[in-house]
């Protein structure tokens, strides 16, 4: 009895030892939409991950994420002799630890099968335990009955697609049944160009995620890039419902290393919100200043060669940087248009977003 | 003729290559005063420094400083066979490069003499060339005639005070003549406790500075601490005049590694502006949350042992961190006061600022 | 059946995803002893830690540690409804994952009691389950019967010693019974001066440890200092047996932030192995160069003021740095001794190691 | 007289304030050749750079470079009213400061002209002043008469080639006259694919350099990549003569961000020296371990799809990392060859170095 009392005392005192420092990911909102930074593919010790679920909330808080989903494997739990229980358990623990931190935790699970159809994440589940079925189609249907948002994970994964990256009939069938809504174009540090192509062709929601198993900060690339791979969700509200609506409407982009992957209309607005462009004319020269109010890089590359206007070939606007360049107009020329692509804003595989600025 | 034209073209194009990224030093303002982050002791190739004056402006911009003074030595110019000219020249170059960046550059010089009186900086000069006199007293008086603000540099410097740190009659005399207004308590990574003591005794303005000669970022401690040693100036306006008035009125503090050195009244207000304290009572326990809205550390240490209240011995609130701790009241006790010092807010040598929080 | 096969395939392929990068802690060996970098106080999800035991091995590998002990609490397992099993389990998992990495894992447990006697770690256990006893004395005796090395953890911990740091009769009794061999002078970022004093008075082995619960890299101080708090063990062999012999013989020191805490004889040898001192005489001047072949800092401070020799007041030799200083001898003086303390090599609370260098 | 004495004293004492920490670039040597890390394109205040020449030596020392050349512009000295003198002066100052640090300083100058022929660096000059001629051909010939090694700088520079990257007749003529030996394929963070192509076609020595003007550490990319752009010179001896012989014989490669650019034979040997490959057969599986003993990245990508062998699609071996992957052989198959390219070892524009490993 005395021991119990002492332990309760211990808990209350021990907790404050961890100072929490909230991070921030500086990417602007769009008109009418808040830009939520989300990671929908995360593991814990409840499948083959290496951390307790609350660590995933701490990481999200520290890194400046708005929402996460713990998506432990249904069919693969290597530590089950040590860590047992319902498939909902890692969500419950994460959810509870998130209350005081304002992180949105979305219930989810990874349906983990041979190829086809490979691995898929189902989000917004009411009861993950219902996905534990011998036949994968039953698992997908159980998710569908809960109105889950489902996406195919890492279609390029060499362990399942060693020699060729294929879209199988099974995927077509799931898609037709309304059981496949998105596709993971970026998984960890891997970009899958086939997935990017299919997302555009088949109107699938673009997803980028970390698929983190170890503590986030142990990744060399995390340190190098300053952030994990994530999905930017352009939501009407900063809520789970807002995220679900945005995912269903395909209002997402992917933030991957120094790149943004997404639809041209969204990327153009994101560029305009992040970068302020001002001009100052001095005779036949115009000085253009790009002021970057975000943490994003912008790799600009000239796309049009016009003898009337002489300007940069390419340059990089650094995070929160201000970059000034000079455009020289030929004698007798008083206006024109500088045309460039933002090479790291990918609207298709290998195709940067095009942009132009009027000079006058 | 043709070559000249091409070179002008070159200059216009070359300049934009340096992307400028503005930094920020997160330290709050005080009531009625803006907190300016200033470094009043800096060298360039115009004396024995190793960079061009514009680099000092770039560094200030990148680090988030508001004002600098280039204080090249009058009497010591080791590169004078290569770099010649007026003692005002490094100021002029820095000043011009600062226009577009919003950095305040204050004209200054270092009067560089044997001990006594050692080295001193004179700020707000109209013409530094007038300080080039054989007798040090004439140099000080020439500065005084320009209404300069003068402070004694690195009184603890081992090269000039190898065995004992002394205040000489010559300093008393300058002080009495109104030619010594401040004292450098922190020079680079060196804190001088004697200077701290004299500043309090003799009502001298507290100055902390980098005395940087090499590029700022080559300092190991700069990287470790995240900032240089600097003077915080609590000014009515963000102008050179505002700084001069504040220096004259001794409204400064020193930001040195993780420490703030200053007057108790100023430090207390700074603490209250930086740290929000909230409480939540649960029976005989009160949970206190310290939310740090600054980049400063706070090292709290209990100063009073009261059996009625059980609380922390010491802890550190990290930059931008939130720290929660529990106070336990004895049965029958419903209020009290927790008392601690902020060990790294030095109001005297070895004496942290005292603070208390009422619990009820 | 088919699913099982696929899952085995999955495991084999998934594992290689984590690239392992071995770290290094650059601290020299002593004559006849290898300097092992050890952390004997670590938690996992098997008590109130937040990571899987193998993460602790990965961290040790990456940071350059030689040996760790997972010391999960016997009496405090807040996740026991999710993570159950023997008290030996976290050791077993860590041990297995350490095989290929050459990290020594020492079995251990934390006996977790009210004060007195508070918390203690027992290392080199054969069976941790035998420590699960209602009476703390029985737990200590069960550890003693296994020839465990036992040390008192965080004697300054405010949760257990809120108003005064006391050595209780219970500690004397354990000590007399041969059940208390060491004391944790450094726990995480906390140094306990009382524990340092007792270690010297009572001949207890000096222990410094991380007491890490979260992933190591999430600590702000870990990033700032570049390493965790640890025990340096000067062992005859790089084996568990070598460590046990060295701990028993009190051949340890503590590496804490920029400090080394230990016995004067050991610290002196460590300094001499780490820093090469060379001299060059030029008339009445001698140039002394300190070449630091370690990652340690050395804060040198003059202790003797001798009018015959003029030299530095204090300076810092940076990690892997080379530092040259000049000693000036008075006319007619041709030899002498420069005397200083290494302020961050603590031989007692507030007392740096003294050292002198002959000049001739 | 007294003042002079005090200043000499000051100099002797001030110098030791800068602790020097030698860096290291971990790239292996080749058989019979030492791999020297060199930067042959650097500016100082003696042209349009922003630092004193000795800073360039300090940077080289700290970063782990073996050799540098200060290549201030002949025709462009914007600070000439403040910094005057011979074109050899920046070399002389750097050379003197390099003596105690073991950095090789090679005399050089940048011949700075309109396009064609644009800017070129001439190394191993005896007297840079002789290059100050109105006609560029006379400048090149003056360099040629001193047996200089000459390379064309930044052929892709948008300021001189705004709309198209051209090789002009003037370049052919210089080449035929033996006055053009190398080409800068990488300048700062810019890779020039046309230059890479021409280097291969015309047997020009591959050069990569920083073209640094500001302090090195102020570059965002320097921090991100951990090193500047540089030329790796495979020399018979670590001397200026060794470098000259290797440059003349085109034994160089370029280290640019995470990439190595060079001749296939050299890159293959570099890969083999840096990466140790070991295998362990377990039935139809072979575990291959790649141990990276360098600071280089290796981006491996499968190039051959063979149904008999199932293995990775792509992965990255991190600096000093160990990476294990599994190859699965089809039943009945007992040997084969895994084929991949090292994507970041560029042997031509867009073409990674091919490699294969025999499995048996």
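Which chain is which? They are A, B, C and D, in the order written, and residues in each are numbered from 1.
Everything below uses one rule, namely that a residue touches a chain if its C-beta (ideal position, glycine included) is under 8 Å from a C-beta of that chain, and two chains touch if they have at least 3 such contacts.
Keep in mind that what you see is a predicted model, and the values were worked out from it rather than measured.
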Common contacts of chain C and chain D, by label, are A, B
For the interfaces B-C and A-C, which has the higher count of C-beta pairs in contact? A-C
Whole-Å gap between the CA centroids of chain A and chain C: 40
Need the CA-centroid distance for the pair chain B / chain C, whole Å please. 36
Contacts with 2+ other chains: residues of chain A: 13, 19, 21, 158, 220, 316, 318-319, 321
Give every residue of chain C touching chain A within the complex, in rising order. 2-3, 6-7, 9-11, 13-14, 17-19, 21, 45, 48-52, 54-55, 58-59, 62, 75-76, 78-79, 81-85, 89, 93, 112-114, 134, 158-159, 188, 213-218, 220
Any idea which chain A residues touch chain D in the complex? 156, 158, 161-164, 189-190, 220, 224, 302, 305-307, 310-314, 316, 318-319, 321
Would you pull the chain A residues touching chain B in the complex into a rising list? 12-13, 15-16, 19-22, 285, 315-326
